[in-house]
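First subunit A sits with subunit B, and in the next complex the same chain sits with subunit C.
And now, the complex of A and B:
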């Protein structure tokens, strides 16, 4: 497609504006985390690493970080197992209601977090708590897994679609039993899709706040919740900046890796 | 031919939903035979191959390999190997690992595995390519890797699903000769699926011509070409001048359907009169389309190109080159 010089320039300007709109606030947080002034006077007058060391020594933030990592790993593990299994079922077998299952799996990512949160909260209260399992870290993991499954499912499904079944047929033809075929052919084929899906799932879980609010048991504070709780306490604001900056880096890295592994086609759709 | 056929198919049928892809096939393929299944796409030949390999379960009928009923056995328990149309080489393995795969999953010791794989690669003239990835090879080379990967297992039967389809004309001809040589060397049964009649005629000991899920004719290339059993075979294998109805009565002298090959027709000054409608130059030969005054159109092949368009010519042929086609009830 050829564009006139005017529309080319127009597109460039809009793209630049769009990127600025997204990334200037993020940069602001990074800069402010080094801002020596407690009220973030602008432009910054002096440079300090004081907030970074304060954040490092802040027990609440460290506990929250650790909780978030545990929740993320748990949700990712569940998502990897369930997402892979469902994608195989949907891609490799024909069964009654296959398209419906596919839709039901993808739906949680489009569902408003608040709805998922309320639903999980009431389900936990009325069904699981009476069975003796109260809300805690595990309920957060389950809540996150509901939408983490989707990204793994999408990634693996796309990979299975692209590779088809001919390699597995070739493997069986050469004498490999189904277990061997999975180990030597199928798994290596979907490995990078699993890694990409897992990284995205972890990133999704790591910055989740709505579902977490509804599913976290007493005493369970993930990093985003800790930030939210401390944001409006004047004393904590500089430390919150630092934690947010860390969160940005921690979220960008896995998404960047996932992009490189899966190629441009297999991104997620929730932030 | 030995007593037990390498492959025996009896009453073989396969339906996909309401579509009957294979509509009842009985066939015996002898040990050590180079057997081709020839037919247009959708004629059921690939489905038959996939049922022999074990990828499809027949709707009815049985598949026996060397006298043993394997109809319900999975692919990995059958002593056959396949060369796939798209080669299906494992992209994450080197050429050597690809060729070793069948031995590796059967727990052949590493040293023997390596030796046999290297020998198989040498037999398809791919020494020095061991560490390459399939993606870094040309179509013809991949084709040979696929062949070595199948042959290294010393199967009793090798199935080839349009293996030359993706190659250009020159390489095809070269691979046809090579495949034939390899088959003679290893002495195992080859079942070769193709839609290319020239390929089937060149390479095979016997050919089965498929149409609409059925076999129209089985025979040596010569039999199939010289004595086509149906109008479909006559027109699909090579080109044929089919005469029937009034034209047949006028030209041959009796009722029925007859086939005369274009290269058996002589164009000269005596015989049946007609007018040249088209002259098609094809390099080695020139085709003349002649409208006969008796009301039929015939194609004549001649070595020389002459500008005869619109001119009157006479066609003649010998009685022995006229093949009467007795249509069986189910042929098209």
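And now, the complex of A and C:
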């Protein structure tokens, strides 16, 4: 736009302030994880690595981390399969109710998490529990997969739209069997979209707390639930803070991955 | 088999759609339907058992008692305030990213906006709990304990805006980036001032993106009950009431009836927004 020099400067300052707003709270967590004071007196007087070793030896946090990883992997696997199937159906076929399908897929993420949570909870208790399968890790995976499908779907759909079908047709014309075409043409085309979608799905699942609260069986504690349970215990505050700091540092990893994959556009849409 | 599949695209389609639709329609929509139906049931106050008889009592209670009306209005107000704050912050930032920053720094700015999305929701809410604590950094900045806003409704709105801001910046940025500079130059060449160009060219591009972002900011705020517990002090939103009715009160039918409120609001919102083409911007 033909922005005047003044408005350019104004926007630049605004951007800087916006980034400050976004990053100051995160930096505070990192600084506080070394704060020697148990109640995070501000400004900090002395620094220590004591809390980091306490967190490292905290069994509860470790178990919760492991549970979260298992739930995330399970949900991601299901979401990859289902999301890819729907995106192929929506992109490659015309059928009655196609728009409804895409609305249906957005629904689990568009509706408030607490609604999805209690709906799945009451359905599980009234339909599946009588069959002998109580709530546990599996119900968490089912709940997470339901709202993870959309991120895989969107990533793969965007890729299919961009690539078109000509390469697959060429492959078929040259005599490849459908299985070969899928293995050597279609799959390599969507591979990075699957990776990006899977990464997003895992992150979404790893971070989720509301649906998890309602679908987790007794004794299933994911990392967010562990953090929440310990948030209001003053004694645990330093350890919680270290776990939070670790999660902030770890959040750089998927961004780095997405960068390597396809540039910022791949991770630009979280849904 | 192969030629059969080739000649019958309907069979291929059914194969692709059956498993996902079974999951989403039977498991998810089915669960939602059960929830909706149970909103019309009641709980026997003596035994605590769910009585499966149709009644409108739950909805009558919600509509007539002030507590529920106030909480609903407060929740919608919070969601609307969060959405407005996010728009106000996101539009200039996205504008800078898309139209002022050099392509190289644009790349890094997108990463800078993206990265916090991967940091845990709970961690960010927790960071604000520490920031706003009595005698915490915000108080210290404003001159001593008790000077800052502390926990409460205001803190809830700020923290929710903080949490969902990237969800608003990214679709707006994506929309603005697609807007070719030549269009803006043409507008200027034809004598339009900056404000006119903004209204006639930038705004029509911006509106669907803003609606797309608002689906997240609005819906995520409407259902939230975790942030409220962390920084909201005694503030109650719909989510808290639903949660309390499932947990402590053990009244699932009433919780379901309460949960219908945000669903209804969101469905109306989605249908209204769909006409602007916002769902394609997601």
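The definition used in the following text is that the second predicted complex is superposed on the first by the 255 of 271 C-alpha atoms of A that agree within 3 Å, B and C clash if a C-alpha of one lies under 4 Å from a C-alpha of the other, contacts with A are read in each partner's own complex, and residues count from 1 in each chain.
The rule is simple: a residue touches a chain if its C-beta (ideal position, glycine included) is under 8 Å from a C-beta of that chain, and two chains touch if they have at least 3 such contacts.
Predicted model only: the values in this text are computed from it and were never measured.
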item: Three-chain arrangement built on subunit A, subunit B and subunit C clash or fit; value: fit
item: Which of subunit B and subunit C A:88 touches, first, second, both or neither; value: second
item: Residues of subunit A touched, compared between subunit B and subunit C (which is higher); value: C
item: Contacts of A:149 with subunit B and subunit C, given as first, second, both or neither; value: second
item: Touched partner set for A:188, first subunit B, second subunit C, both or neither; value: first
item: Which of subunit B and subunit C A:167 touches, first, second, both or neither; value: first
item: First, second, both or neither for A:100, with subunit B first and subunit C second; value: neither
item: Centroid geometry (CA): angle subunit B/subunit A/subunit C, rounded to a multiple of 10 degrees; value: 90
item: First (subunit B), second (subunit C), both or neither touched by A:177; value: both
item: Minimum C-alpha spacing, chains overlaid - subunit B and subunit C, in Å; value: 7
item: Common interface positions of subunit A, toward subunit B and toward subunit C; value: 177
item: Complex contacts: residues of subunit A adjacent to subunit B; value: 166-167, 169-177, 180, 184-185, 188-189
item: Residues on subunit B engaged by subunit A in the complex (per definition of touch); value: 53-55, 74-76, 80-82, 84, 86, 88-92, 101-102, 104-106, 149-150, 153
item: Touch list for subunit C against partner subunit A, complex; value: 2, 5-6, 9, 12-13, 16-17, 19-21, 23-25, 27-32, 34-35, 38, 89, 92-93, 95-97, 99-101, 107, 109-124, 126-131, 133, 135-137, 140, 162, 165-167, 170, 174, 181, 184-185, 188, 194, 197-198, 202, 215-216, 219-220, 222-226, 230, 239, 242-243, 246, 252, 255-256, 259, 262-263, 266, 270, 274, 279, 282
item: Parts of subunit A lying in touch with subunit C, wherever the complex brings them together; value: 1-4, 7-8, 10-12, 14-15, 18-19, 21-23, 25-26, 28-29, 32, 40-43, 81-83, 85-86, 88-89, 93, 95, 101-108, 110-116, 118-123, 126, 142, 145-146, 149, 154, 177-178, 203, 206-207, 209-210, 214, 223-224, 227-228, 231, 240-241, 244, 247-248, 251-252, 254-255, 258-259, 263-264, 267-271
